[in-house]
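Shared between the two complexes below is subunit A, which pairs with subunit B and subunit C, respectively.
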Partner chain A sequence: MYKNWRAYVLPFLVLLVLFPFTYLLFLSLSGAWYYPDVLPKYFGLRNWRTILSSETGLLQSFLMSTGISLAVAIVSTLSGFFISKTVYYHPHKRILNLLAYLPYILAPVVFAACLSYFFLKLGLFGNVTGVITAQFLISFPYALIFFSSFWNERIKNYENLVSTLGGNTLDRYFKVLFPLAKGLLLVCFFQTYLISWFEYGLTSIIGVGKVQTITIKVFMFIKEANYFYGALSCCLLIFPPVVLLYINKKYVFKKIA
Partner chain B sequence: MKILERPLLKNKTSATGILLFIVLGVLPFAAAFIYALLYSFGLVGVISSGFTTEFWVSVIKTGSFFKSLGYSAAIAGIAVFLSVVIALWLTLKFKSALENKFILMMVYMPLAIPGLATAFFIIQLLAKGGFLSRISYASRLINESNEFPDLVNDNLALGIILAFLTMIIPFFMLLFLNVYKNERIEDLRILAYSLGATSRQVRNKVVLPILLKKTRVLIALYFIFLLGSYEVPLILGQESPQMISVLVIQELKQYDLDKIPEGYVVAVMYTIIVAIAAVFLFLPRKREQYV
Partner chain C sequence: MFLEVNNLNKKFNKEHVVEALSFELEKQKTLSILGKSGCGKTTMLKMISGLVNPDSGNVFLDGNEVTLLKPEQRNMVYLYQEDLLFPHLTIFENIAFGLRLKKINSKAIKDQVDQMAHSLELHNQLDKMPHQLSGGQRQRVSFGRAIIINPSVLLLDEPFGSLDSGTRQRMQSLFKNLTREYKITSLFITHDLKEAILMGDKIGFMQNGNLHVYESKQDFLNDPTTGVNQEINFWKSLQIEAGSELKNTINE
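On to the complex of A and B.
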């Protein structure tokens, strides 16, 4: 009896997980869906075709978001990796770790609102460079904290071994540190990419509506009550993370095995 | 042969590293906080006319911050508590099923949906004109959309809590699963059974204490994240009270310039609370951390 009950719960939970994905895709393919109809009057690719037109600018937003997230992920991962080494080998690493957490746990939108004056003064308000910089400021602490566990006695000993055997700085990085940290670098890249890709509040404050990333578009469609385009942009918002998650998860599986 | 130990932090590279950390990690936070603090005391800003505590007095008198903080803490607390309970139950009940790659992928999948899309989906599902309302109408459970209960933008914040649950239950499940493996809880369980413990004793004295102790910092961290959450309450929340981030942005974006410093007062108070929480969570020695 108990086993039977469990056998029903699991497929139900799987359906529950898949439902939002299916529903959003279904909604993006729908049109003329008036209350109280349970099914839409139109079902087809009309909404998706508009992506290719300039009417909504969704494709541009998608490409712009991809560019911003790639830039943020690359810069945060690399700077986080190099700087975390100094921070987590420092005698006062506990204090430095606490300082790294402060911008990380503060709500990004509040952080951006308090920083907006400086962005305005630096000419970084309402442009892509400003949005990349602002998103970097929240993903950099994440990367820094992410690599904290990497820097330990074992790694230090490997580095000393390379130096003892006559290796230089490049040897230490390219023959020891990068190969050892390859997996972590990859996961950190994915995570910081997602932090940037999902970001709405901070982007809306620093971008002031001029930098229309995909999250800004989703919110715009929700406000306009244009639910079909809203669902379509949600699909575009979810698709890259699903792909990244698949790659990332596969890697995690390998690591555990 | 001489063993070469590289003098860490005694060279130029280390000094540059710390300098970069301060410039990129510490300075922006400090600058943002100091600017908000100065603005809240009327020392900077468009209507600045010298030091004043009137904005602080006004915020404290109206109680908007405390109301919003209490509301946010209640929502975040309920969401985190329910998520932990449900995730623990699912992880322990379906532990062997979670070994299956497809099932595990299903746990990962919700992590690909950002808060904004979750909020949009919940509106589509639970609003008066949403999918469930349509099904209720078709099933003759309601006669018009207004009869459908308020499940979004409602007083009890049901929509917000549901959105938070769908976002963090999978995360906690993966976390508990990871700790279960890393801490070799299965071996400890078998050991406890062989020493004569009952199922209840194994669960309450071995499994749950280890899982919760090892993850408590991250659970607290998620409470802080939810406390400052913005997109979900912006879409699914009500006019008043609002969650803290929504309140800050609403105050700062007002057309009434006199009200902007009050927004910075709220921002400063919120930042101080978060900073105190960070000190308690991350400063003590020998604290286990999961990032």
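On to the complex of A and C.
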């Protein structure tokens, strides 16, 4: 009885999860689908070809988003790793850790509005550097909090041991600390990449429409009610997270376990 | 003297942890150090190894002052109670770690690690990962990793504290053999009276941040402040009690 119940419910749940993604892909391949037609008049790769033709700028947005997210993820992960160590050894580490939660108290749009004056003064408004900086301000505290659990007395003892065995600072990092933190570094990199990839509020305010990341493009198509392009850009939007999820599952979690 | 410690002082939050600490140690000798928790034993070892800077005082090694040298320049290995094997490296690579830091060629590393593995009776375990070994085996690897680089002084902070009594006894005898074979000079911190007497050529007792090194083991046994006599009396009384109980049973 129990087995029969599982046999029906589980495939149904899988279908439920997969349906939005399949439907998005279907919509991205469709065109001229008007009420009361059951199926679209056009079904093919026309929408996808437009990506390459640069008519919509989706390919540029995709590449720009990839560049921005990679920059944010690399800088946040590495700075989070090193600065979390300094915070761990700091006499006021509890206050510093608490301060790291501050950017998450405010909504990203409100946070961006608060920062906009400084960005304007620094000439960071409406350019890629400004967007990277703004997204860094969100993802860096995440990395700091993420790595705060890595540092402890045992890690300190490992560092001391390497020193007395004759190792210098580089040896400590490259031969022991990085290998020990490898799994965490990869997870943090993926997480901060995703934070940056899906960031909308900060990017739209600091980018002022000039920096059109793929997330901004999705909202733009939805606002224009161009749901075929909207679906296509959504496919592009979820493509990197799906790849990262796959890598996470295949390599990272296996190693951590 | 090979190791000379002169008037070392260290304060943490205005509290004297180590105060006017001085002692000397000959080459290839082991000094066992006893003392209650919090009396400054670990701080003393960390100051000698360079992991903690003293507020004042000097450390001399073979006539050269090393007080201001970084830990990696002193050639003194500090061993913790935990084995601290690197979990991402095999047993071979763990033992070879210090040699790789010295950039010794691979052939020489292999020869030295193989020889050390034989001394430690670990020659069949070299390809394994640390989590595949028992507590005693892991501690042996930790010793091998330290001794293979031929340190001037080995600083041991309760190295057998986490082992069961059987493994502890085997490790004590192994350590004695290794100190003879590799001519090691060491400072050995322990809470165990018997271990201190067994392992040390000399015995020191640390109290309130100050270390007193006894001239002979007999001097140590005769000193009432160490609590050795109390312990001896405890075991004697237990023996007498057991003896009289046995007598009563026979009489009945």
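Here is the rule we go by: the second predicted complex is superposed on the first by the 247 of 257 C-alpha atoms of A that agree within 3 Å, B and C clash if a C-alpha of one lies under 4 Å from a C-alpha of the other, contacts with A are read in each partner's own complex, and residues count from 1 in each chain.
Keep in mind that, in the parts below, a residue touches a chain if its C-beta (ideal position, glycine included) is under 8 Å from a C-beta of that chain, and two chains touch if they have at least 3 such contacts.
Small disclaimer: the values here were computed from a predicted structure and weren't measured.
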Once the structures are superposed on A, label A:170 by its partner contacts, choosing first (subunit B), second (subunit C), both or neither.
neither
Applying the document's definition of touch, where does A:99 land relative to subunit B and subunit C: first, second, both, or neither?
first
Touching A:180, do we find subunit B (first), subunit C (second), both, or neither?
second
Where does A:83 make contact in the superposed view: on subunit B (first), on subunit C (second), on both, or on neither?
first
For A:146, decide between first (touching subunit B), second (touching subunit C), both and neither.
first
Does subunit B (first) or subunit C (second) touch A:154, or do both, or does neither?
second
Quick check on the output: what are the common subunit A residues between the subunit B footprint and the subunit C footprint?
160, 163-164
Mind listing the subunit C positions that touch subunit A in their complex?
46, 49-51, 70-72, 74-80, 82, 84, 86-88, 97-98, 100-102, 145-146, 149, 155
For the complex, give me every residue of subunit B touching subunit A.
1-6, 8-9, 13-14, 16-18, 20-21, 24-26, 28-29, 31-33, 35-36, 90, 93-94, 97, 101, 103-118, 120-121, 123-125, 129, 131, 133-135, 137-138, 145, 166, 181, 221, 224-225, 227-231, 235, 244-245, 248-249, 252, 263-264, 267, 270-271, 274-275, 277-279, 281-283, 285, 289, 291
Of all residues in subunit A, those that touch subunit C in their complex:
154, 157-158, 160-168, 171, 175-176, 179-180, 182
Residues of subunit A touching subunit B in the complex:
6, 9-10, 13-14, 17-18, 20-21, 23-24, 27, 35-38, 79, 82-83, 85-87, 89-91, 94-103, 105-111, 113-115, 117-118, 136-137, 140-141, 144-146, 148-149, 156, 159-160, 163-164, 197-198, 200-201, 205, 215, 218-219, 222, 227, 230-231, 234, 237-238, 241-242, 244-246, 249, 253, 256
